[in-house]
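Each in structure tokens, the structures are laid out below.
Each of the two complexes below includes chain A, the first together with chain B, the second together with chain C.
Up next, the complex of A and B:
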């Protein structure tokens, strides 16, 4: 009995972690380059919508999934050019994008009919039989993309010249500029990666987990992703751990009523955010934040 | 270096600038500058702050685009639009404020800004090979933030030299180095020049350095090339005259230009000036008032400890006293806790332990504005960060710290503000188009006068002047010195925080030396010599 409940909660936790993990890979890389885009929420939401829209139009949820990533990239391009080309405050840009995407997707949802579209489950024979951990091997197939995306993100940031330049730009853009690195180009590129990953995360939510799109589907998960990056002190491992923590809290929230625990529903909705807040308070003193995070760079006279 | 001359004569110069001009709006930074650097030559580029040295070098490095002019390398005309192209054309630069990224390791910093794949092992091997060749030992896997200023300078040099530049540019390379570290640096330069035929441009505003380390010297003045000559054929006073554009006659100016320091401690009071210029009126040393005569010191710092956010000790039980009417200098190489102390006395940070007493009363440091109320005036090190608001008017800046005096219950008393501003502008000879002009439109010297005027008009007991002449031209420096002396004479206790030995020698009656956040010794100016101070700066007892 205990094992069954545990398995159910764990399975649900993993499912809820995956969209966060995709987007977190993107946000982690973007923040290491010194750009803090709260538009990650909008990227996820538009990705979720785009995936369903294209999935239902083409009849292929797989095409929808990649369309979702593309829509995320599009939003990222807008953010990147507004905040790292013509230097509009990144928070203002992010806020406007989030509100615009929310309104736009709600409008399109009301005016258009979408059919259900969902990718299939990939079950690894044998491994899926393992008690408790078996759930790892019985997921919607894009889940396993994480096996590719996570190491790739780490490799990009920590082993490539591009990643070295991203980190330099995030820590000290002036010095990077003097060394011959195009600061704002690197930041725009970092945002594009973030857009693709967040779009993928959002698409996983719609064509992966649910099979349809509903209004404000991401419900602040983008902000949870930002909290996860802070939780991880700007390291990928910690960030993913943070994603799992938030995913598990979310799963627990959904599981509590069926486990016989009665709690106010609204309070439960607020719980993961309360956790995010607590985590940020604890991590506020960490000294690992990229020093130029969210500081715009413009070549000056000095 | 006459044999160099013979060898390089007739050959194409390593680098030739022709008619480089650059203006920023109405300000002409460079005005048709010509400069020729031969192979195997250390070329000194001298000039006051704002003379156009930095702009010229930024043009060379592709960080700034010149409005007009040509750059020739080995006789071929080259276009330099990016730092990467500059590197391709064999130009390397060691920047004044290090271009290192602190959280990255040495090898990562060295590899930064190059194209292609990164190969950690190859870069590490390179760092060690270059280090061995020039005697610049540094561990490539260490993180830069854990290195001292001298070691960081080494990393910068390795980074530049690894790309095998034909022309190496150094911008004020000794500003953060001790005397011994500077000497080591010039040895490296000699190797790079003499043995390998590179050209070197050494930018400095320190005359002593230029005369000692260069073969040829050029002087920039207000964006124009004012003078160029073999170093051996000229003299420090001549160079000083070319730099300023008129005879240098005051001791303060001599100090400002770095004329004072020589190898001979007995001659530290302006030997070059006395020998080279006609009729140098030696200024009387600052009034000698010693702390014990006065009884309680106006400013007494006791056991101040500050730990940085990264756990580094910034101030280590620092003790210091300044008496009424006395100028005490806190001297040391940049980055040894001076900035921290300046911030502390401005009320920007609280110490972990220790007390600040003003006129015998402990100041409660955790209350904002407490130090100001206790009578501590501060000329901050970085006036743009914590001294002034550039986009507010001159008048507003002049009354900013004392708003209560100029406001009623709800509204500012505008007439009173204007009257006060007008008076201060006249008294401190601040050159401004009007009292309503934004402070940004004033020159650096006049901005600094605004800060000084405001702080002195509050009638402080103690005046803390942190690097008060940084970035000022000679005239403004001279004025600042006079004002500080005047303040001391009128009974203000002045704490001068400075990294310029000449400035300290010229102004202070006592010199306290700071090293790694500790006072390593306090000397009367009469018994202070560059050698003894140098030892204290290095952290040894003298």
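Up next, the complex of A and C:
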């Protein structure tokens, strides 16, 4: 009995974690380059919408999934050029993009009909039989893309020259600039990675988990991703742990009533934000936050 | 050091915290020109969107016009929507001037409405007193909510944007909790059906008065309050010592510190004040139009109010017409249903409009620099290299 309930909650937690984890990989990379990207919500939402639109038009959810990533990239291109080419305040751009995407997707959802479109479940034979942990091996197939994306993100940031330059840009853009790194180009590239990943996360939400798109589908998940990156202290491991915690909190909120446990649902919904705030207050003086986070760079100005 | 080289400001300051300390120059004309072009482009995009969704742009314009400014009833509706937007925008102006970007008005507005509702439903006394106390309490609630961010920033150095943003979602859950707890604010069930997640209605005699009857122009107390606050703030920000110190803090924190300005006190109070305006807007919505605390009471007024401040470039005087414009769009959106075009169109138009007003000043400044640089290239070797913006990394 306990094992069954545990398995159900764990399965639901994993399902809710995956979209966060995809987007968190992108947000983590963007923040290491110095962009506190609040339009990750808009990128996820547009990715979710693009995936369903293309998926239902072509009849192939797989094509839809990758189209979702491309739509996220498109939003990222707009954001990158506005905030790191012509230097409009990145929060202003992010805010406007979020509002624009929310309005646009809601508008298009009402004017167009979409058919259901959902990718299949990949069940690893044998492993899926394990009690409790078996749910890990019985997921919609894009879930396993995480096995590719997470190490890739880590490798890009921590083991490549590009990633080193990226981190330099996030820590000290002036120094990076005089050593010949194109600061704003790196930041734009980081945002594009964020767009692809967030689009993928949103697409996973729509064509992966639900199979359709509904109004404001992401419902603040992008902001939870930002909270997760802060919670993880700008390290990939901690970020993913944060994603899992927040996904689990969401799963618990849905599961608790049926399990007969009394726990305040509002507190569980607010938990990610409260945890992130607490972490920021406690760790504010630590050296982990990229020094130039959310500071625009222009040559010749200190 | 570099002779008559033009003053270079960070491009970011063209969006947030620009204060008009400089005289208008040739740049201003170019900016105006680009703005007109961008607005036209935004309108064209909106029209395109309507067309591809099988609507007729002229019908949409007609519906928006009918709903907002065609007659007295339309104008009344426009003002009802514009008042909270304007109040939120005024708060955003203060914070932007001080260089702290408060993005959490939506949450501060919700908390304000909640506190105001609590006072209005629980406090006994003469109507005028209860209404005043409720509005003040709403403002205090919003101010306290942004005060949390201010405390985090000035004691622990936590980014204001992040805290105000995250606290918005906490606020939504706080309100949700309040309207689900019978001991706090949930409505007393009337015996038929379960109690819904909302508060009891604010009694009739506590609602904000409005002047005029339905077919004629009606103007609520909220709108009057907002306009008065606009005038007061415009004078204070533009003419008072406080306004000057605020601008100084926003434009150059280092110079402000050397001039003896305490950032934590001035900037913190600006942040609290901006939250208080958002909270007041929440109180006005609660006691002027909705009358019940509902989780959806904020209805994006917080986000849109911030957009108003952005379009107005943090000037209260400009915020007034912009708020009326956005309020008119909101009022008109309820008439869109007859045309078959979803009312979400208005959100898209608002976002496009903001871009059309935010982008041109920066573009114009970049162009200006390019033009100046082109003239300055032959003599650039003589200058110290750091001061010679010979090659711009940022092509337009």
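Heads up, the rule we're going with is that the second predicted complex is superposed on the first by the 274 of 302 C-alpha atoms of A that agree within 3 Å, B and C clash if a C-alpha of one lies under 4 Å from a C-alpha of the other, contacts with A are read in each partner's own complex, and residues count from 1 in each chain.
Quick note on the criterion: a residue touches a chain if its C-beta (ideal position, glycine included) is under 8 Å from a C-beta of that chain, and two chains touch if they have at least 3 such contacts.
Worth saying up front: this structure is predicted, and the values here are computed from it rather than measured.
Participant: Touch test for A:161: chain B only (first), chain C only (second), both, or neither?
Facilitator: Only chain B; A:161 stays clear of chain C.
Participant: Is A:114 in contact with chain B, with chain C, with both, or with neither (first, second, both, neither)?
Facilitator: neither
Participant: Is A:176 contacted by the first partner chain B, the second partner chain C, both or neither?
Facilitator: So A:176 only meets chain B here.
Participant: If you stack the two complexes on chain A, which partner ends up touching A:137: first (chain B), second (chain C), both, or neither?
Facilitator: neither
Participant: Looking at the overlay, does A:38 come into contact with chain B only (first), chain C only (second), both, or neither?
Facilitator: After superposing on A, A:38 lies in contact with chain C but is clear of chain B.
Participant: More residues of chain A are touched by which partner: chain B or chain C?
Facilitator: C
Participant: Take the contacts of chain A with chain B and those with chain C, and give the residues found in both.
Facilitator: Looking at chain A, the two contact sets intersect at 299, 301.
Participant: Given the complex with chain C, which residues does chain A contribute to the contact?
Facilitator: 36, 38, 82, 85-89, 91-92, 95-97, 99-100, 102-104, 106-108, 110-112, 182-184, 220, 223, 226-227, 230, 264, 266-267, 269-270, 273-274, 276-277, 280-281, 284-285, 293-294, 296, 298-301
Participant: Inside the complex, what are the residues of chain A that reach chain B?
Facilitator: 159-161, 164-165, 167-168, 171-172, 174-181, 287, 291, 299, 301
Participant: So in the complex, which bits of chain C are touching chain A?
Facilitator: 8, 10-12, 15-16, 49, 53-54, 101, 103, 152, 156-159, 161-163, 165-167, 169-170, 173-174, 176-177, 180, 303-304, 306-307, 310, 341-342, 344-348, 350-352, 354-355, 358-359, 362-363, 366, 386-387, 389, 393-396
Participant: Which bits of chain B are touching chain A when the two form their complex?
Facilitator: The touching residues are 24, 61-63, 82-84, 86-87, 95, 98-104, 108, 111-118, 309-310.
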